[in-house]
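As written, the chain order gives the labels A, B, C and D, with residue 1 at the start of each chain.
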Amino acid sequence: MTTTETTRSANPQAGASRRLYLLLVERRDVTLLITILLMVFAFSRMTPYFVTAVNLGTMGLAVAFNGIVVIGTTLLIISGNNDLCIGATYGLCAIVVGLLISRGFPIIPGILVGLAVAVLVGIINGQLVTRYMLPPMLATLGTQSVFRGALWLISGGHSIVGLPDSFAVLGQFKILGLQLPVWIMLVVVLTADVLLRRSTFLRQIFYIGINRRSATTAGIRVERVISVLFVIAAVMAAVAGILDGARVGAVYVMSGVGLEFQVITAAVIGGTALSGGKGTILGSLLGVIVMAMLTNVLNLLGVNMYWQSIMVGAILVGVVALDRVLTPKEVR
Amino acid sequence: MAQRLAGWSAALGRFLSRIGERLPKPLKRLGRALEPIFGAQVGALAVLDAFGAIALGMASPVFFTGANAIAMGVAMSGNVLASMGSTLVLLTGGFDLSIGSAYGLGGVIAARAMLAGVPVWPALGLGLLTGTLIGFINGLIVTKLEINPFIATMGTMTVGRGLINIMTKGYSISGLPPAFMKLVTAKILGLPPSLVIMLLAFVLTDLLLRFWRPMRQLYYIGGSPAYARLVGINVGRVRTLAFMFSGTLAALGGLLFTLRTGAASQQAGTGMEMMAIVSPFLGGVGFGGEGSALGAFLGAMLIALVVNAIQLLGVAVLWQNVVIGTFLIAAALIGMARFQRASQRIQRERRKKEGEV
Amino acid sequence: MTEILLTLENLTKRFPGVLALDHVSMDVRRGEVHAVIGENGAGKSTLMRILAGAEIPNEGRIVLDGKEAHFRNPLDAQRAGVGIVYQELSVFTNLSVAENIFANRQPTAVGSMVQRAKMRAEACKLMDLFELDYEADLVLRNLNMGDRQMVEILRAVSLNPKLLILDEPTSSLTIAESEHLFQLVERLKGRGISVMYVSHQLDEVLRLGDRITVLRDGAYVGTVDRGQATKDQLVEMMVGRAVDLYKDYGIHTEDPEVKLRVQGLRRTGAFEDVSFDLHKGEILGFAGLVGSGRTDVAQTLFGLAHITAGEVELLGKPYVPRTARDAIARGLAYVPEDRKTVGLFLDMMLCDNLIVPQLYRFTKAGMLDDRSGRELTEKYIGDVGIVCRSPRQKAMTLSGGNQQKLLLAMWLALEPQVLIVDEPTRGIDVSAKVEIHDLLRRLADAGMSIMLISSELPEVLTMSDRVAVMREGRLEGILPRKDATQQRIMAIASGVAAGGH
Amino acid sequence: MKRILTIVSLLLVAAILLTSCGQKATPAPTTVGTTGETGKVEEYVVIALNWQHPYWNDIKAGGKYFEEAMGGKVKVTFAGPESPDFPGQIDAVIQQIAKKPAGMLVAAFDPGIVPAINQAIDAGIPVGTFEADYPKGNKRWFFCGVNAYNAGWAMGPELIKYAGEKGKLIFSTNIGASNSDDKVRGFKDFLKDYPGWEVVAEVDDKSLVRDGADALKPVLQANPDVTVIIGVNAGSGGAAATAVKELNLVGKVHIVCQDRDDITLKFIQEGVIDSTIVTRTADNTYIGLLMLYQYNHFDVPLTKDNKANHIVWLPGNIDVGTVVVDKNNAAAFLH
């Protein structure tokens, strides 16, 4: 205890520049931002196609869907939970909406039904975790399997086509050369980020993540909050899934497979601590961007696909390591 | 239902311990050892497994045939080996996602070596070492670079998978030397090797986790890395060791699989890590240094039971996911119910004691 | 002249920017209990950590048993025969009593196979030695703080060290447990083991210590023999000025207005038939052994546990405790006993901590107003006298005493009508203690009703207007201040005598 | 406690119902034999993996049709993991042996499956492979399906038809699926006659539309002179089409692909994809099962006594061949 005390009281003595740096990195995502800028610089040297309007659009779209999904996941992880059911929800809701609309159901209500399904999924996960106290990973892995199955049963294993263009617009309409999902993602992410920093409700999840018992004692309705988080996560997944369907103009029956892993990884790269209590939405978004950038640049460079996965794995670890090096002990 | 099952296992536990008390010394110890086992989540799971087996036996005449028993045993061998390793890592509060890749790479490397003319046994040894190496690298990244196990093993997983793809170029490696193909049909005591070795690995891991000091340290680290350091445990080394065990066991599984199939499949082990984490969870293994290899084994067994049921009862393919998921949740709920009651009971007893102080 | 076991010469330890130990020299004799006292930040802990090999001094030498010792890590110290019990509990809650005692030293047979039976037996032997009755296989999760600490001490002792360091050992022990500890220390001494006893508790120090060394601000102040030492003198040496601990706050006339009325409250398995009135401006002390149900009553009243039967009246209105949240809304506040696990958010900033119980009060249109939160924090930092750099500092960087004050501030900021405090001064130093006492008294005089749960009888006696004594989940009686004495309370608490009036 | 009790019992009941509904259909093992007596239901098992992939829809269709066509005399069970869990498929084969079905069709994507197949044969169960085959050391009686190599080759003429005799092209495929690789191989061999064509990249589309599109787009940007994307798996078509549409390259970049996922057909109708090579997938199962049935009930006199001489009279290899699907006939293939 004495030691921590003294190391902390050491800060004032540190040099001005260092203090500025500390101030910067206090906001966890800054280091990652620096890392990304380094990457961008390096990549732009490697290929002329990297920093072009078109490719920005490409990457934007590649980020959009996971960018939306990662919000829910991040919130859950901060509160010390986790959700492996995300991918299934993503697919299920998209399929439900697709089925309804392709059978002539009006679009807006159709989407609302899809979101309602998401809410239901969220509630089920929430109940299993809060009321029946199952380990989140276990519970959501179970529900994942169940909902994936449900998806198969209702779709009969067929992709869903014959969706009206008025629905496809949601995913294909362009503003300033960027497709709608990108803008939606930006809006949602920014709002979420602001809310996570400012709103009372989301502030509570940090308390829960850091010390659940203290949170209960301090009058935070821990279980209610967590349930809500599961709902948020499910809804975010649904939104992304539906947009995905709109983008393609059809719902691929495999959509969302393996999504949860991509998203959790992104969140962790973005500085969200799996132990809970730490994390920012922007950070997670940056995590998604890192991953998207890697796939993008490796393909631009025409790296042999057999080598790509190796490089991705290695670089991911590298990025996290670099991020760690840039972050001084005081802030960790 | 939850309570009844829980009740049974509790009763069983008390019964055993009571017998234990009446027995001569060595057996007495056994009784004592069993009580806590059945007193915990594991007990409920054991009862659940038995329950499931009986139900399945009634549903399908085929179930209790030796052939099916062996088939099921062989089927779960891979997952059991992986779960043993993953249990060790989970106990220290870590993750190992690279298990699947170690599983696949073990077989591929061994096959490659054999094709390159390395004699069978050294080649197999090489495969095993690959797993150890992967574990070692995981350990280094986690303990030295202080990178979160999730990312670290995630990285090695991707890299490992990549290596497999490069070495196989999408085609499984077959046409292995006859010396090896002879082993494919080999039997130990008339049983498939994978079955026998799986059981051995399980029993060994469980015993070591209970009685071998170096492995006990895993529990201390899981309880609190900081305190573990205070009592002079070399946390970094032990964690690395756990990863190495995990990698090696996974590779062993992969080799056994190659032994079964007579070829090194480039798909072997994909998605295996998840099951290898779920089985221990089901068996009550938690991040905080809780649980036992027995639990992990029973967890794996439950999953195998469900899959076997799906095969025997011919569950429509599209229903598989639903069924598996439902059983997963049900099992977890029962385990939890039991666990909560157990801890409540103990605390009540404690309180009584203190009153008498 | 008994021979010297340990000599310290000019021990100095610098942390970046701080001089934690400043040329400290002292010695410990074989078989003596050497008490080391000092305020928080006086360097006691650093000194102990150095002796235990957890820190390496920048200057100075340690001579143990005539040989110069260089401890690179805890193991070196262990081998050299220095055992330590750290102030912060360091036990493995997921493991059994025996395994905790023999952590990393389990008796092993060939192939380092742990001999559980032997381990269990040795553990039992050790426990008998100190009249403890835990089942060796019991998992520590199921023990309360006090028991856990005893287990940790047993571990240190089991190393049978030449020198045993006890750092604030009683900080989380009850009276009864402390008694055990004291006897144990005497026994150790009897066996020729030297004990370095670090503490805030002057009575303990005066009772146990053969010699008493005082540190202040990392520097050596002086060493006195028990014979010549007086409380006030020690306090003065520690603090640098005179402080009077357990001062008499005088008798207060009872205000007829009842703020909290509890009738036949029961929670199955915890306590039953608890009835009492808490008047306006009154401090009602709750004495009793740990596990006698005091904390359970508090938590139930605060809605953290479900009530089985009984009526509660809060501020004249009937009140059924459900969740902490409505308890807070109803003007009730509860300062829990264990600040680290159920009180504070050590990994968060002071201001974050302070506003938790009233987040909703700082909410405008769903958004949290951090600025006014910070202002409030600054106000209370002043009022309660928390020593810190800024409200943006992390709680874990505060000393124990200041953490405790923060915890109090966190709940006082609610301006509650009725305040329940559970062990408010556990493990904090003299001046902090006095400040908290004064604070509580001030609040009571200002009309706040306080329910004070404490295992430290002197504290209960100085603070309370009336003392309620609990035993085995029953409220045995409520004594008015005038006829409440240590003996009487202990008698009732341990069931020797019947309750008062 | 009560809540847990209720939900658990609910879940269990549900689960047991699910399993039992499947169970009703299973025949008593007595009825099953290599020569099924008339009137008793024979069970035939089709074992594959990754059933959740849309590709298998037509396989199921073929099997179901066989069931109907036989008028209740037979039952077709589809077994094997829903996930791409290859060991799971092997275990499925072995566990099905215990049920002694009247016949088995196994998709042999991997040489690793061979020992399991042989084990079934040794257990006296008629086994044929479908969809994909691995003949080496394989005792299976016949293979019924399309040889992936040919299916790949069949994309060649389409390429020439839509994009001429020279240019640059991209493969959209997925790592670690041997039949995808065979298709690539077949197609590349076709290209040997057209040196004008250059393969500039092979892209891993993970057989997913979204990930595939996001992976293809950068490649298209880096190679502006590419005129064709060759899609190899069921997801490739959708991925390629999405990528091409989003980069406004429709018409400039032609797409020739494989399989008949509805998304692929949709894009054919929209004119984004030029054509796709469709296996007569349903035939794989229908013909395959038919042959097993034939074997169980008829005995073409190749020899005086086939059984005694361990001679299987069935043909060893049936290529169901492929169909080219384009704008004109796409509608007919939509589900």
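Keep in mind that, in the parts below, a contact is a pair of C-beta atoms (placed from the backbone, for glycine too) under 8 Å apart; a residue touches a chain by one contact, two chains touch by 3 or more.
The structure presented is a predicted model; accordingly, all values stated were derived computationally and were not measured.
Asker: State the smallest step count from chain B to chain C, taking one step as a move to a touching chain.
Answerer: Minimal hop count between chain B and chain C: 1.
Asker: Looking at the contacts, which chains touch chain A and chain D alike?
Answerer: Touching chain A and chain D alike, sorted by label: B.
Asker: Find the chain most remote from chain A, comparing centres computed as mean CA coordinates.
Answerer: So the chain farthest away from chain A turns out to be C.
Asker: Using the touch rule from the top, point out the two chains with the most contacting C-beta pairs.
Answerer: More C-beta pairs are in contact between B-D than between any other chains.
Asker: Between chain A and chain C, what's the gap in Å when you average each chain's C-alpha atoms?
Answerer: The separation of the two C-alpha centroids amounts to 43 Å.
Asker: I'd like to verify one number: the distance from the centre of chain B to the centre of chain D, where each centre is the average of its C-alpha atoms, in whole angstrom.
Answerer: Result: the chain centres lie 33 Å from each other.
Asker: Where the CA atoms of chain C average out and where those of chain D average out, how many Å apart are those spots?
Answerer: Each chain reduced to its C-alpha mean, chain C and chain D end up 70 Å apart.
Asker: In chain D, which residues are in touch with two or more of the other chains?
Answerer: 4, 7, 52, 60, 82, 175
Asker: Could you tell me which residues belong to chain B and also touch two or more other chains?
Answerer: Those would be 165, 169, 318-323, 326, 329, 333, 336.
Asker: Can you give me every chain pair that touches, using the contact definition above?
Answerer: Final set of chain pairs in contact is A-B, A-C, A-D, B-C, B-D.
Asker: Would you mind writing out the residues of chain A in touch with chain B in their complex?
Answerer: Those residues of chain A that touch chain B are 128, 132-135, 137-139, 141-150, 152-153, 157, 261, 264-265, 268-269, 273-274, 306-314, 316-317, 320-321, 324.
Asker: Okay, in this complex, where on chain C does chain B touch?
Answerer: Against chain B, the touching part of chain C is residues 54, 73-75, 78, 86, 90-95, 99, 103-104, 106, 108, 111-114, 116-117, 133, 137-139, 141-144, 155, 176, 269-270, 289-292, 471-473, 494.
Asker: Mind listing the chain D positions that touch chain A in their complex?
Answerer: 3-4, 7, 52-54, 56-57, 60, 82, 175, 200-204, 206-210, 213-219, 221-223, 235, 238, 242, 246-247, 261-263, 265-266, 334-335
Asker: Can you list the chain B residues touching chain D in their complex?
Answerer: It is residues 1-3, 55, 59-62, 65, 67-68, 71-72, 74-75, 78, 164-165, 168-172, 174-175, 184-185, 257-258, 260-268, 270-271, 307-323, 326-327, 329-330, 333-334, 336-337, 341 of chain B that touch chain D.
Asker: Could you pull out which chain A residues touch chain D in their complex?
Answerer: 47, 49, 52, 54-55, 57-58, 61-62, 65, 131-132, 148-149, 152, 156-162, 172, 179, 244, 247-250, 252-255, 257-258, 292, 295-297, 299-302, 304-306, 308-309
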